[in-house]
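Input: a single structure, listed below in structure tokens.
Naming follows writing order (A, B, C and D), and every chain is counted from residue 1.
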Amino acid sequence: MTLRVGVIGTGMIGQDHIRRLTQVVSGAQVVAVTDANEMVAKEVASRLPDATVHPSGQHLVADERVDAVVVCSWGPTHEEYVLAAVAAGKPVFCEKPLATTPEACRNIIDAEVAHGSRLVQVGFMRRYDESYRALKDVIDSGQVGAPLIYYSGHRNPSVPEHYTKDMAIVDTAVHDFDVVRWLLGEELAAIRVLAAKPNSLGGDLQDPLLMIIESASGVLVNVETSVNIRYGYDIRGEVIGETGTAALADRGLVVVRSANRVGVEVPEDWRQRFITAYDVEFQEWINAVSRGLGAVGPSAWDGYAAQVVCDAGVNALYSGDRVEIELGTKPALYG
Amino acid sequence: MTLRVGVIGTGMIGQDHIRRLTQVVSGAQVVAVTDANEMVAKEVASRLPDATVHPSGQHLVADERVDAVVVCSWGPTHEEYVLAAVAAGKPVFCEKPLATTPEACRNIIDAEVAHGSRLVQVGFMRRYDESYRALKDVIDSGQVGAPLIYYSGHRNPSVPEHYTKDMAIVDTAVHDFDVVRWLLGEELAAIRVLAAKPNSLGGDLQDPLLMIIESASGVLVNVETSVNIRYGYDIRGEVIGETGTAALADRGLVVVRSANRVGVEVPEDWRQRFITAYDVEFQEWINAVSRGLGAVGPSAWDGYAAQVVCDAGVNALYSGDRVEIELGTKPALYG
Amino acid sequence: MTLRVGVIGTGMIGQDHIRRLTQVVSGAQVVAVTDANEMVAKEVASRLPDATVHPSGQHLVADERVDAVVVCSWGPTHEEYVLAAVAAGKPVFCEKPLATTPEACRNIIDAEVAHGSRLVQVGFMRRYDESYRALKDVIDSGQVGAPLIYYSGHRNPSVPEHYTKDMAIVDTAVHDFDVVRWLLGEELAAIRVLAAKPNSLGGDLQDPLLMIIESASGVLVNVETSVNIRYGYDIRGEVIGETGTAALADRGLVVVRSANRVGVEVPEDWRQRFITAYDVEFQEWINAVSRGLGAVGPSAWDGYAAQVVCDAGVNALYSGDRVEIELGTKPALYG
Amino acid sequence: MTLRVGVIGTGMIGQDHIRRLTQVVSGAQVVAVTDANEMVAKEVASRLPDATVHPSGQHLVADERVDAVVVCSWGPTHEEYVLAAVAAGKPVFCEKPLATTPEACRNIIDAEVAHGSRLVQVGFMRRYDESYRALKDVIDSGQVGAPLIYYSGHRNPSVPEHYTKDMAIVDTAVHDFDVVRWLLGEELAAIRVLAAKPNSLGGDLQDPLLMIIESASGVLVNVETSVNIRYGYDIRGEVIGETGTAALADRGLVVVRSANRVGVEVPEDWRQRFITAYDVEFQEWINAVSRGLGAVGPSAWDGYAAQVVCDAGVNALYSGDRVEIELGTKPALYG
């Protein structure tokens, strides 16, 4: 009952997912790969026991041995591969973004709705992080009352040269947008983006940013992106409820007393912080797909909503205005 | 060399300061009191060894035995008593607010500038709190880099019936405004006020509020007031710097492990949280005045600036707009 | 390249390990089972795709389809099954204890030494816990200096009726004995056992106990067992080094502020605390065995040493004396 | 109603207490001083408004202007000065130790009992520390159940050259002995002293030490002295109760995130840690004495008991044995 997976895109992320599928999680086998760079695909396949190299994503999707598809190719190609998988009726796990425009996401939604059941899962791995899950449990338990404000802090020690102003929203804050939608269980309705005094370590970049978002029910969400903050990769989250608050705890494992300080470690990078979330994400996807459920995790609608918020955010960043987030009607398929 | 103090206003706060001056701090004696309610003033004086009861604040200020004046009367009367003290060349400690309008504060500034040296100190006691002082030390040390964002959380378990919408700004957030000016060492330049989804425990009150303030240099200051949050009286503060962050620590003294939880206590009210700050504030005022310094703590300018920010905040609350904070020129007396 | 595992003992622990081998970790398949209660063994096998039920552990070890053996039967039977596996030259994972007497453990050591390479791994899962691993990393890094004292706290909310005085040592503290040997990288040399004022919730049980152990190099190890402490399952560990200290951090994931407290959760039971350690333990065992290494985790020597410390501890408990721990010579096989 | 205090011994501690009495606390005046070194006494007096220099402690006690006496002279002289004060019927605050032998302490007890009411207070300032007081409140509240074990950690970054082996007990652990008696509300009954592997930074000193003490009711008390531990001056205390635990919290005021660590400061020395406790200790002593109560803080009995435990501890250190602590009968005067 091993799930036979085909992987489209064998770059860094694809290779990491292949390692995960073959050495970490239970119940899966990688039987097919493809990549824009065929050399890389062949090299990766050579290290797998029985994997076919396909000339294209479409060929891979069509392969009868492939039960389910993982898409980790370049963002602009996601739409066509996901659509191909849906057309073939095969479950597909698509790394972020689902597609690079709201329209492209809508195409996928339309196809999936036409198919009549869920097949698409988007790689918002924070939903599989044990800390976020515990935070959601606390919120849902009611022990701090109804959420009224949420603070989300997304801090990176540094970003590469090619990181541009927009990326603080579409690459960085997009994770916060999704996780907030999931934690609050509702859509986001409007966004403002304010630039703080710029961090001198960030060159010309407008960093940090403070995004003030209103949820549909009126919760104020405060997303801070600080991407040159040096001290560590630090993901903060705190909900202010009617009667109490709940926040992601620091996760350092050892309290060290040394040199007049007592404290714990802060992660160095996203890998250290979220590696386990990726493992859980894939294990749960494999379990669901193997049980005949097309997908139970983040949906095409979630991927679409995140893109719409990103679009509104970029618009707000450049205009300085409060920009409304218009999602249109949510198909019944997405609950 | 005991400082002989006259106290104007012997209500709850006045009586607490008299207790402080006579039983807690070193180097002071209360020699004169007055109150709008003469009965109360007499009753309070009867428990002091050698205190005169005066028919008015002006009489008290004129009393030759009075070296220095403490004003804790009703807010609208502050202006005249502080002006009387300045006219008499006597040091005066005035509880918040310095005066109830920016104009009245300006009158005090003008009088003090005409006098030529500082005589007025305003009761912003947070500057004397050991946690805030330690936070300022960390900021000034440069160990987290230049401040770019500051989060200020002001949480009250509940507020009395007569608490109105404006009071979240002029009574509650005014403390945050002052302490942020002091921590950052610069003026505030503009303010927006956003209402979150209202706490159902707060009746018709618009609570919580999120105030987004820009400092003169561009630091974004986020002031949250949550005044029906039940869980405790909790004062939070965190600066996001270029290379790190620094936050007020929880101050619980005992870590208890019980019933599947480990944690510390959160204060129940402002008294528990700030009682020591009041003691330090008065000891340092007495020390300074006894050494012939008119005042070294929060100045008339600080009292004025806080009122201007409050005015702008109330304006922003009702208009929904970003409102600029216009202070005018700062006299050289205030450095 | 899937490792084919045979499981001896299909009670609660055996079933949990079968679940782990089939649904959690990667690279293993359960192909054979046996149990003293054949009905149970058959029932368990019926839920596996292709598993043989054997009449005895010896038959299971002899099965050619079985690459490696997991022993989770009743403690007194461990010796014979482990010896059978060693005789067959098959890797064997044995749950605690390796055997119930030092002599039986010695028999296994002798057999393994005669075989000439390691085949036996003992289920001391704490060595696979991420917190203990991080603590060991800190110790080994030298950042707190050479260890001089180690505090180990082993706290259970309650214990079953049949829990006897000895069990605080042989069932409970045995975990602390092993993990301390591993953290310090040396043997334990002597032990005293002191009974504290008895917990009235523990009936006639002598609880808590404080064990004062001396390591070979003179480190003082303080093991506290509190097995009726109600508040939670709490595993504490702190090393006092020459220049600093390092302790296992609390692992609560969410900081909740509620009802005048701020804090995190304490685990309810060992499962919540160590479930992941078991998963890691088995994944690493499978990985090692699949690579042709017989075993790389806790060895027969470790199992033997733990039993000798337990024997000395029980002796110390009843005599009230300081009892020396005599291990004899360590075979070269164990490094 | 100012209390007129005479201070015997104007060395470092005496000068610090004079500063405290004149500039920090309320209600006291230093009117007389004396010191073995008359030059120092005169110099100190010259900075006080109206203080007499006496040729001896006896003269100072006899001075009619002196209402109450503070003894901070060399330890071996404490007995005679305290006895002189008791003979004169004057309240006396005596720094640790009350006297240097149990016999000398007994002489003071006898004199005070003969006097018929308490006059003597001993300077065990930890009882005035807010953290210890909060810990005692938690214990007394019953929220962690009856105490069964207590861990006391006394850590110094370093000690002076002249620090000898005994001093870990008579100078360092004596504070732990007193505070444990006070926290548990009972006497200590027996003591063992174990030397851990010696800290190489401590030269020939036997450091750290672990003292295992049994209270009268059977609570096991574990006192660790680590006096070369470099990382800071760190006072730890944790009670293990029947249903939970309670520990002194770290007291750092600012949580700093920097360089991949998050944490707070540890004090550098005892002054930073306990300065406020001394202030409270003196304010409460002045308040009690001014109200005509001879003393309400740590009594001559407490001073005596501490010395007896120290004697037993030194005996245990050299003999390696468990040594019983024999206090004899407690006079009714001490409750």
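Heads up, the rule we're going with is that a residue touches a chain if its C-beta (ideal position, glycine included) is under 8 Å from a C-beta of that chain, and two chains touch if they have at least 3 such contacts.
Remember, it's a predicted structure, so these values are computed and weren't measured experimentally.
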| item | value |
| --- | --- |
| Other chains in touch with both chain A and chain B | C, D |
| Taking each chain's C-alpha mean as its centre, the one farthest from chain D | A |
| Distance between chain centroids, defined by C-alpha means - chain B, chain C (Å) | 58 |
| Whole-Å gap between the CA centroids of chain A and chain C | 38 |
| Distance from chain D to chain C - Cα centre to Cα centre, in angstrom | 45 |
| Where chain D touches two or more other chains at once, by residue number | 144, 230-231, 243-245, 252, 257-259, 264 |
| Complex contacts: residues of chain C adjacent to chain B | 230-232, 234, 250, 252, 257-268 |
| Contact set on chain C toward chain D in their complex | 144-149, 151, 194, 196-201, 208, 210, 212, 215, 217-220, 222, 224, 226, 228-231, 240-245 |
| For the chain D and chain B complex, residues of the former touching the latter | 1, 22-27, 49, 130-131, 134-135, 137-138, 143-144, 243-249, 251-259, 264, 283 |
